[in-house]
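Each of the two complexes below includes subunit A, the first together with subunit B, the second together with subunit C.
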Partner chain A sequence: MTIPGFVLRNAFRNKRRLVLTVLSVALSLFLFTLLQTALRELTQPAQTEESALRIVVRHKVSLGNVLPVKHQARIERIPGVRTCMKLTWFGGIYKDPKDFFPQFAVDADKIADIFAEARFDPQEVADFQKDRAGCIVGIKTMERFGWKVGDRITLQGTIWPCNPELTIRGVYRGGIDETNLFFHHEYMDELCGKLGLCGTFWIRADNTDVIPSLIERIDATFANTDAETKTETERAFVLEFVSMIGNVKLLIGSICSVIVFTMILVTASTMSMAIRERSREIAILKAIGFDGWQIFGLLLAESFGLAMVGGFLGCFGAWFGTWALFQHVNITTISNGMFIKFEVTPHIVVSGLLIAIVLGLVSCIAPAWSSVRMSVVAGLKELD
Partner chain B sequence: MTIPLRYNLRNLVVRWRLTLATMLGIALVVAVFIMIMALARGLKATYISTGDPRNLLVLRKGSTAESSSQITRNEVRLIRYLDGIARDDSGEPLASPEILVLINLDRRDRKGTANVLVRGIGPVGLRLRTKVRVIEGRMFQPGLRECVVSRKIAERFAHCRVGEQFRTGRTLWRVVGIFDAAKTAYESEIWVDADEARAAFKRNFYGSILIRPVEDSVTVATMIKRMEADKQLSIRVLPEVEYYKEQTKTATPIQWLGSVLAVVMSIGAAFSAMNTMYAAVSARTREIGTLRVLGFRRRHIYLSFLLESVILALLGGVLGCLLSLPLNGIATGTMSWTTFSEVAFEFRITPELLANGMAFALVMGGLGGLLPARLAASKPVLDALRSV
Partner chain C sequence: MSPEPIVQIRNLTKLYRHGDLDVTALDNVSLDIAAGEFVALMGPSGSGKSTLLHIIAGIDRPTSGQCLVQGTDVGSLSETQLADWRNNHVGFVFQTFNLIPVLTAFENVELPLLLTSLSAAERRAHVTAALELVGLGDRMRHLPRQLSGGQEQRVAIARALVTDPTLLVADEPTGNLDAHSATEVLSLLQTLNHAAGKTIIMVTHDPKAAAYAGRTLHLEKGELLNGHDDSRLRSA
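Coming up: the complex of A and B.
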């Protein structure tokens, strides 16, 4: 009999126990993978080459305060600013408050330049720009409500006192978030009575080097005015939102460590059961000439294999499971807009597998060590 | 005649290593479940305890949040002197025109900033909220740029102690008092004079009006109907408690997280209980045979093993509850999706929640013990006796 064959035989000596242990390791790592994915999605907003060029200007008091539109002309004159676009959170209701999706009033002629990583159809963008009551919608929201280009929808304003009636002129795909709806800022201004206000300005800088000085220049321009600004990179802007959800890192981190700890506990107790019932055999192996380290290696291989099978099942199960699930349901809808992609990355899978490796090593050390050290005579005397 | 409980207990003690590992596994699952549910519970309790059942909140028609609603000064004038609004001893209507402004403040530990709500209240605003008391310093004086902050805000944000000042925009606000809001949502707010707030934040309108109808004049429902039907007003009127109850939906994602985690983790823990019980059955095969010879029936054996598994899980459950208890009352915060501001709340572990945790443990023990117990009960007597 070969050595791997021997290890395999031993592993399958109690099939029920093996299956139960592998499944509990798999379940734990499945959860671990999902939690890490959630954590990543919440704390590390996707960063692309394009998004690194974007900076956001908001009112210094808070996002809840609006800025005068006349700031725009002054920002555009600052060197290093390629495009400056008004972007205002509309927050309207489509049919029912449950049908929530983000809506923004924007400068129609600048949207494709600001959100350059999204894929727009040039013809549709032109149609959108021509129609003052037009809008352009992310593919996920289009699919969610079964909309087609040309459909008409009405939004009921909750923050702004108007109910825009919009015609869908185009669809965009890709980019940071495929659920947004963009419509003309001028149309909103007109409906609300030309308030001359907007929520934020989104700027595309010429290059990343100018960003730090640009941020300083913009805030300095409006210092000591009625509406002072706070300018920050898109990443900082998004992270501020995340920090308000609470200490997600601590919560998910502590849950993950509990899961890993429990998993080690379960696997270690399985391995100790498996090794202790074999004390006699180990004594016999020693008697016929295997030395302690060789036996230790055999036991290690067994627990390592067990942990890795569980690890593969769990991590790839989560990977494949989320992929298969998202073929049928929209993660943004079921999580109420909290998650947009929920993408299990190779990085997370690898860290799950690394934990499985550690698990395989740690869980057998104590019982294997004690049975390796046991004398042959004591081992042979053991009953079960 | 059933097998005495002591037999199971002593068996658990004899195999103490395995017992302990399984128990700990179950305990941790129960603790995680209770922890997350306590989070959701605390958040919900904050909103449910906010508001006075006697008060009505007036918002702009179509508005869902106070912070984005607008009530004109003319509307305020009309509403204040409507019939059916209670008056205090000096004849002043119990109606507080208010404005809610989101501001960005530095956290005390210098770890970034968070959004906080500043509420401008009318002269009777405090009287309409009996749960709120000033516990340190004094109330702000109308006409001055003074504010009172909640205790939680004073603890969590910089420059918010009595005597200190913080700046928003071009206004300096002096903190003159700290109030206690009895764990309601007001615990996350800063209160100032409504007219000062309008001037400082350049708002030409109010956000909402909180009113108290006369208790016996008309029923509240007809009062609401009458106000909303008024052609001069474009408003939405709802009981204050209802407005806050609506916001408990902030806790929904946490509850989801808790339930999903609990279910998946408990399956894992049930597997480990099953493993332990299978090991117990195979180690005691001879004992099972002996018990059968002594006259115990199959169902006694079955019950005995099932009971052992349940005891094991319940011990784990108790340990889990004990592990989670220190969390009770710990303060934390999250973002409200209605106002986009931080709402402070506490982990709240209730007896009901602990009972839920124990029920969870019971289910894990039951599921884990079912199959091993059946195996034990089905062993033929002679084979069992013969096994080593």
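Coming up: the complex of A and C.
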């Protein structure tokens, strides 16, 4: 027998309690990992070299307010702007509201430059640009509905008073959200009666250095007009979009704190019970030569081991579970487009494991310390 | 010529505080125990016999006075030194056996050796020898619950012996045993004293058990009674 073997035997002495405690830690850390992943996906959209060059111009009041299309020409004249594209959320229904996917009206001739990281077939882009009623669709939505290039679909407007009938002219893959559908802004304008409005302008800057000054210039250009703008980086725009749901960070942070605190209470309670019912054995160990710190170490190792097993199960369970689940299930579909992907990162797993370490240590300190202080005679009296 | 005392107790006093009240457990006790002696401590409940045993074994500290074991003032050692000293010098046998229920007989006996620098093979040899000495060579892989009370106590004796301690202290070792098992355990202790020269200090209520010892000391109200040093009393 070895000391680690002894620790293991002690841990396994009450198997039901061990299993329940490990499962409670595992389940808590599983939830923690999922919540942290959700928070990350919502608040830290992946940034590529291309997306770092994009800035978004919207109405200063809110995203719900639209901008006049005439702003586009003035923006394009500002130095540092390489491309400026209208992008308007259409929000239509395809067949049934549950068949949701994001649809945007855009400037067809600029989309490939704005979203340069997406892989477009040049021929398909050319076909899309030529057909005013054409659209280009992300591969995930194509696969979801079993569409192919040339198919015709109709969207029923819910925000805009029109029902565009579209022909799929191309498919794009990678880079950006693969569930989007892009169609001609001109076509929407025409169907809606030339309103001369758009939701946002998406700009590709010449380089990242000019972005801060560009943001200032654009907003200054439209200051004191009837449609003042708010310009921000794509990343900031996405974060603001998320904040419209509420203070997600605070909400998820609060839930995670409650989970961690509850875990500490559960594990501390388990360790207290385990140590208390072993008082006499601890006294015997001391009598035969184990000193207080060695006993402390044994108990700490047991608690630590228990928490780490739970931690590994929870964190890696979440990691593997989400990976396996989303091989078969479309996260975008089941989350109604809230999540494009749901990737448990090594950083999140490590955070979960660090919490397990802290949990293992903190939950054991008080009961183990009382064992260190307990005299052998006091421990022996408990048995008599 | 009498053998060198292995335990020298001088003016030992132990007070316990219960609220505002000081209770005297041992009152100015002085005593010598020679190496190789088998001493029984007898007395009514609360007489201080277990307290005296605990102080000699280094699991309790005197309020005043001195307890020297092989020249070491046990009361002056720090907790860590005391734990190490106990591991090297004292073997404990308790009334309720106190084996670790999740460990086999072999592992229970091996436990004190985990604190030594012995290799696994050396530990195995020591444990096997100790278990064979107490007649349990064929029960090594049994868990405590698979053993009888007498066998459990013999495992506890093997655990106490395995480090080859200076002193073997036994607190009511037959208190939880039937008459037959008690006789077996007491005979074993006597054999260890006679054949292996182990110094044994045993607390007991039972005069029959005390008869196995070479000397019986009586305590009452914390005092060692004069005229009750039955050094000539030895079981046949």
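Just so it is clear, the second predicted complex is superposed on the first by the 372 of 384 C-alpha atoms of A that agree within 3 Å, B and C clash if a C-alpha of one lies under 4 Å from a C-alpha of the other, contacts with A are read in each partner's own complex, and residues count from 1 in each chain.
In the analysis below, contacts are C-beta pairs under 8 Å (C-beta built on N, C-alpha and C of every residue); 3 or more make two chains touch, one makes a residue touch a chain.
Just so you know, these numbers come straight off a predicted model, no measurement behind them.
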Check: Thinking of the overlay built on chain A, is A:R280 touched by subunit B (first), by subunit C (second), by both, or by neither?
Finding: second
Margin query: After the superposition on A, what does A:L63 contact: first (subunit B), second (subunit C), both or neither?
Written below: first
Margin query: Taking the superposition on A as described, I'd like to know which of subunit B and subunit C A:S370 touches: first, second, both or neither.
Written below: neither
Next item on the list: Counting touched residues of subunit A, say whether subunit B or subunit C comes out ahead.
Entry: B
Note to self: Which partner chains sit in contact with A:R17 here, subunit B, subunit C, both or neither? Use first/second/both/neither.
What the structure shows: first
Next item on the list: Classify the contacts of A:R9 with the two partner chains as first (subunit B alone), second (subunit C alone), both, or neither.
Entry: second
Check: For A:L27, is the partner it touches subunit B (first), subunit C (second), both, or none of the two (neither)?
Finding: first
Margin query: One more residue to check, A:T208. First (subunit B), second (subunit C), both or neither?
Written below: neither
Notebook entry, point to check: Counting only touches as set out at the top, which of subunit B and subunit C does A:A268 meet: first, second, both, neither?
Noted result: first
Margin query: Going by the contact definition given at the top, which residues of subunit A touch subunit B in one complex and subunit C in the other?
Written below: 383-384
Notebook entry, point to check: Of all residues in subunit B, which touch subunit A in the complex?
Noted result: 17-18, 21-22, 24-25, 28-29, 31-32, 36, 39, 60, 62-65, 67-68, 70, 101-104, 111-115, 168-170, 201-202, 252-253, 261, 264-265, 267-269, 271-272, 274-276, 278-279, 283, 332-335, 340, 342, 388
Next item on the list: Write out the stretch or stretches of subunit C touching subunit A in their complex.
Entry: 54, 57, 59-60, 79-80, 82-84, 86-88, 90, 92, 94-96, 98, 100-103, 107, 110-112, 114-115, 159, 163
Notebook entry, point to check: For subunit A, which residues are in contact with subunit C within the complex?
Noted result: 1-3, 6, 9-10, 12-13, 280-281, 284-294, 375-377, 380, 383-384
Next item on the list: Would you mind writing out the residues of subunit A in touch with subunit B in their complex?
Entry: 16-17, 20-21, 23-24, 27-28, 30-31, 60-65, 91, 93, 97, 156-159, 161, 224, 226, 228, 230, 240-241, 243-247, 251, 255, 258-259, 261-263, 265-266, 268-270, 272-273, 335-336, 338, 383-384
